[in-house]
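In what comes next, subunit A is part of two complexes: it sits with subunit B in the first one and with subunit C in the second one.
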Partner chain A sequence: MNSPAAPTPTPTPTPNQAPRPLPVPPGRYKRYAAWMVGIVLFVICCYQVEVTPIKLMNGIPEMGKLIGEMFPPDWSYFPTIWEPMIQTVQIAIMGTTLGAILAIPVALLCANNIVTAKAVTIPVRIILNLVRTIPDLLFASIFVAVFGIGPFAGMLALMFFSFGLIAKLTFEAIEAIDPGPIEAMTAVGANKIKIIAFGVVPQILPYFVSYLLYTFEVNVRAASVLGLVGAGGIGLLLDRSLGLFRYDRACIIILLTLAIVLVIDYASNVVRRKLL
Partner chain B sequence: MNKITKQSFAIQFMGQHRPKQAVLFSILLRRTAANPSRKLEDMDMIEFRNVSKRYANGTVGLNNVNLKINEGEMVVIVGLSGAGKSTLLRTINKLHDTTSGEILIGGKSVTAARGRELRLIRRGIGMIFQSFNLVKRSTVLRNVLSGRVGYHSTLRTVFGLFPRHDIELALDALSRVNIREKAFSRADQLSGGQQQRVSIARALAQEAKIILADEPVASLDPLTTRQVMDDLKRINQELSITTIVNLHHIDLAREYATRIIGMRAGEIVFDGRPEEATDEAFAHIYGRSIFEAELLGAES
Partner chain C sequence: MNEKMPKPLLFRVQFWLIAILIIAVYVWAFLGMDFAGIQSTAKTVTLSILKGFAHPDWSFVHMEGGEDLLSGLLETLIISLLGTVVSAFVCIPFAFWASANMSRGWAASGTGKIVLTIIRVIPELIVAILFVKAVGPGAFAGVLALGIHSIGMLAKLYSETIETIDPGPSEALTASGANRFQVLVFAVLPQVIPQFLSYSIYRFEINMRSATTLGLVGAGGIGTALIFALQTRNWSRVAIILYGIIVLITITDLISGWLRKKIV
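Up next, the complex of A and B:
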């Protein structure tokens, strides 16, 4: 390969002296111990948060009752939920798009093979991780407090959420690209931006679009619960239906969300296949 | 060389005040600095002056190399892996930094060049890699056009707005290596030999006066190897582009080179015409004691 001056360690053929000892197989007790630690940890967790199989058993009849109440779904509710559902998708579209645009420069600044200065990549990565720590519902609550109830807060929440997700996935894709074209572009006398445009972008574009579509799918689901904190979309109606014990209405909302998610899923699969 | 440094100094100096005329003037100066026809004429000779390169891990890449390569030569560098062939090649366009010494191209220091000045030098040097280094998902034409980015503004190239002249240049370059009809195929649809010819076309589109080829045929089969080497030789002769090729194959070196340079442990241990590169000479390049190699180096 290109490693220029690595001294080739000529494999000096060692004359056959004594028969070489077999490599020692790793002790199996280590493996047993690892399993034991895992199981003990799990049991401790269950005990501390009071997760017991008995509770599950007790809950099952209740679960059946609830599902029974969900059917038949209240089809007459459909015209009411149609518009908020569209709004939900619109929130997701805007949030994903703006988040993706924000993510591009940040992903480039995070990638070690684009920005060699650790003084840049590390702080940017820390900020990115900070953004990613905050869950979308928390973002939504914060923005509702700042900008008031409504879809604007929801859009902002999804924007930050998408930004974190896409930037993270994209910068990892950037770090995994073939360095050859970057080297070639450097050799033709391109500056940094030209190197990125000709050596990096064509390589990551399909991945980027794929992440964008994936994030969009996640966002549609997320947007349907943003209404719980007053950030617009279908979640408000879902919250209201559940509050009034109208499980038949909750059911139709869930069914519609499912339908839309399936459509988006299918569409993005088609686009992804075309791209790759 | 002097002229360029003066100009860039003037540009920097005027950048501090920024009256309108000065900015305009600096733009004019940049234009002249970017004018290829003036500069390429001086880029006839490559000169290494006491160049050494030591890697961070202590490995010696180059050890006090002194070398002059004249315009239009077809130089083949031979030596074992790790002898410093790649390092030598990559110091010429500063893909690798040097530890000490100076490299001049047409009297202009590459080792001292930075930023814009360095990019302008690189623009005049085409490079061909063992692994082709094409963007596989892009079309052949776009790959060839990427050799032109040094001639246009960032904004223009980022949006892919190449002038008609560039596209014609790129297609001509593809004709020269006989793959014009592949212009709109994706690069990964081409065979290895064809891909390597695309990268030769990229160097041609660059209007390079020097081509550096780092083991251009190491990942090709014998037949395509000949085709690619024929292309390089023809371009070298027809356009008198100074060509420096790293090779492993002794017979290819003898067949195509006008001059063979043998390297070992970062030093030049042979430098002569192909006729002089006898089997013994190659045996020396590829091993034996350092003493014999040194003798040979002194002999040539």
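Up next, the complex of A and C:
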């Protein structure tokens, strides 16, 4: 968004010489070159995946047609989708909680101010990062293969997904706590467990609950699509409705998902704001 | 922490009410899990999965003129790049609409915030499914899905940045007779661009992760190969795809983390 018309700010010599000179901004030509390179890269990328303006133009009427078929939503389908929707929320609750329980010891093992041995923190962190790169739907597919189709597989998938997220957020919060209480307790001879229970937990608890609620919000959204791979919840019905070209049914499913997610997001935001 | 101090009755009642509520929610959620028991095939399936992960299908990494791992990963990367770039620009007007200090009156910024919330809460895979139905399967649907979905979050973060800017420069420019556009270009944008860039790069990291699964619904990227491998239970191929995803995401995370540190 750097407008080419913007005057290049030249560093003016001041009588009070600053101790550190400001970095000289790149010249006009350099900026033009950067924009050119960016635009060329963008065009190459578009060409590579065949994203063209013509496709967009052709797509817009199709999208209009689709939306036209979605309305009015099929309200008679509502009783059928209510139960899977509830199941979606249940999957999210169980997955988040189990993931959070798993995350507590791992977060403590990652934090530099609790475990001073680098030989422990670094490998645990690497494993945590690897877990976080695995998509939740892949977890779900694997668990469906092992445990069969149903919400249990979805719960396990979300458990691993939430574990990675909560453990990362929590260990970063643990590293940012006030070291005072820990030092004081070390000085009077408390052991590691006592330090964690009385020096770390009280400081970290509001953050932990806040991250738990945030992950729950993310998980409700994730759970609503888990059914696409057979892991329970509303996604299965969405997939089926779309497969049968019943867009009015798909619409009511999306609307209900939207409503549930909005309510949960709002409630969890209220609680989180009270906590922090 | 202090057990000796008697707590007021109201506090205790509140505490127990919340505790009972939470326990009730968990019992309810647990009952919904209807665990069917481990299937008789679970052991053999687990063994074959583990075997697949121990022996990934290296031949899939590069195949002559076919849909191989490298081309899939490249497509994933491009989808997430394009989705991020498109949303990073498209969301700017939305951000100004939703920010309280830039739009006139709370009604404008309020409606902007509501629109962004609605965009944000629709799961991106659902957006992707709709675009696949509309424009056909392929990377284009994925780019559109990521682009639309990212607008919701990016515009929210952008508007929060805009709300925290120093009003001094804008006032000074207005006082010296600049019009609204000039104020925008010379007073507002210079203050917010580093933060905008940082948020966009952060969003790129999130989009990378989403782009890996977009293919499951037919929206392009490595997910297309992944869903085929999963459906045919070709675990050694699933394994090599998973390893590819892990390597790609780790590398892009490192690069974007380094870039964000340089910017802010």
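One rule holds in what follows: the second predicted complex is superposed on the first by the 233 of 276 C-alpha atoms of A that agree within 3 Å, B and C clash if a C-alpha of one lies under 4 Å from a C-alpha of the other, contacts with A are read in each partner's own complex, and residues count from 1 in each chain.
Note that in this section contacts are C-beta pairs under 8 Å (C-beta built on N, C-alpha and C of every residue); 3 or more make two chains touch, one makes a residue touch a chain.
Just so you know, these numbers come straight off a predicted model, no measurement behind them.
Asks: For A:L138, is the partner it touches subunit B (first), subunit C (second), both, or none of the two (neither)?
Replies: It touches subunit C, and subunit B stays clear.
Asks: In the superposed arrangement, does A:P202 touch subunit B (first), subunit C (second), both or neither?
Replies: After superposition on chain A, A:P202 lies in contact with both partners, subunit B and subunit C.
Asks: One more residue to check, A:G180. First (subunit B), second (subunit C), both or neither?
Replies: A:G180 sits against subunit B, while subunit C stays out of touch.
Asks: Counting only touches as set out at the top, which of subunit B and subunit C does A:S241 meet: first, second, both, neither?
Replies: neither
Asks: Per the contact definition in the header, classify A:S162: touching subunit B only (first), subunit C only (second), both, or neither.
Replies: Neither partner.
Asks: In the overlay, answer first, second, both or neither for which of subunit B and subunit C A:V188 touches.
Replies: first
Asks: Using the touch definition from the top, say if A:N219 reaches subunit B (first), subunit C (second), both or neither.
Replies: After superposing on A, A:N219 lies clear of both subunit B and subunit C.
Asks: Once the two complexes are aligned on chain A, which partner has more residues of subunit A within touching range, subunit B or subunit C?
Replies: Counting contacted residues of subunit A, the larger count belongs to C.
Asks: Considering each complex separately, which residues of subunit A are in contact with subunit B in the first and with subunit C in the second?
Replies: 1-3, 5-6, 198, 202
Asks: State the interface residues of subunit A toward subunit B in the complex, per the touch definition above.
Replies: Within the complex, subunit A touches subunit B at residues 1-8, 178, 180-181, 183-191, 193-194, 197-199, 202-203, 205-206.
Asks: Provide the residue numbers of subunit B that touch subunit A in the complex, in ascending order.
Replies: 53, 55, 59-62, 80-82, 84-87, 90, 93, 95-96, 118-127, 129-138, 142, 146-147, 149-150, 154, 157-158, 199, 202, 206, 214, 266
Asks: Taking the complex as given, what residues does subunit A use to touch subunit C?
Replies: Checking each residue of subunit A against subunit C gives 1-3, 5-6, 42, 45-46, 48-51, 55-56, 58-59, 62-63, 65-66, 86-87, 89-91, 93-94, 97, 129-130, 133-138, 141-142, 145-148, 150-152, 155, 198, 202, 221-222, 224-225, 228-229, 238, 242, 247, 254, 257-258, 261-262, 265.
Asks: For the complex, give me every residue of subunit C touching subunit A.
Replies: 1, 25-26, 28-30, 32-36, 38-39, 42, 45-46, 49, 74-75, 78-79, 81-82, 85, 92, 117-118, 121-123, 125-126, 129-131, 133-135, 138-140, 143-144, 185-186, 189, 193, 196, 209, 212-213, 216-217, 220, 226, 230, 233, 238, 242, 245-246, 249-250, 253
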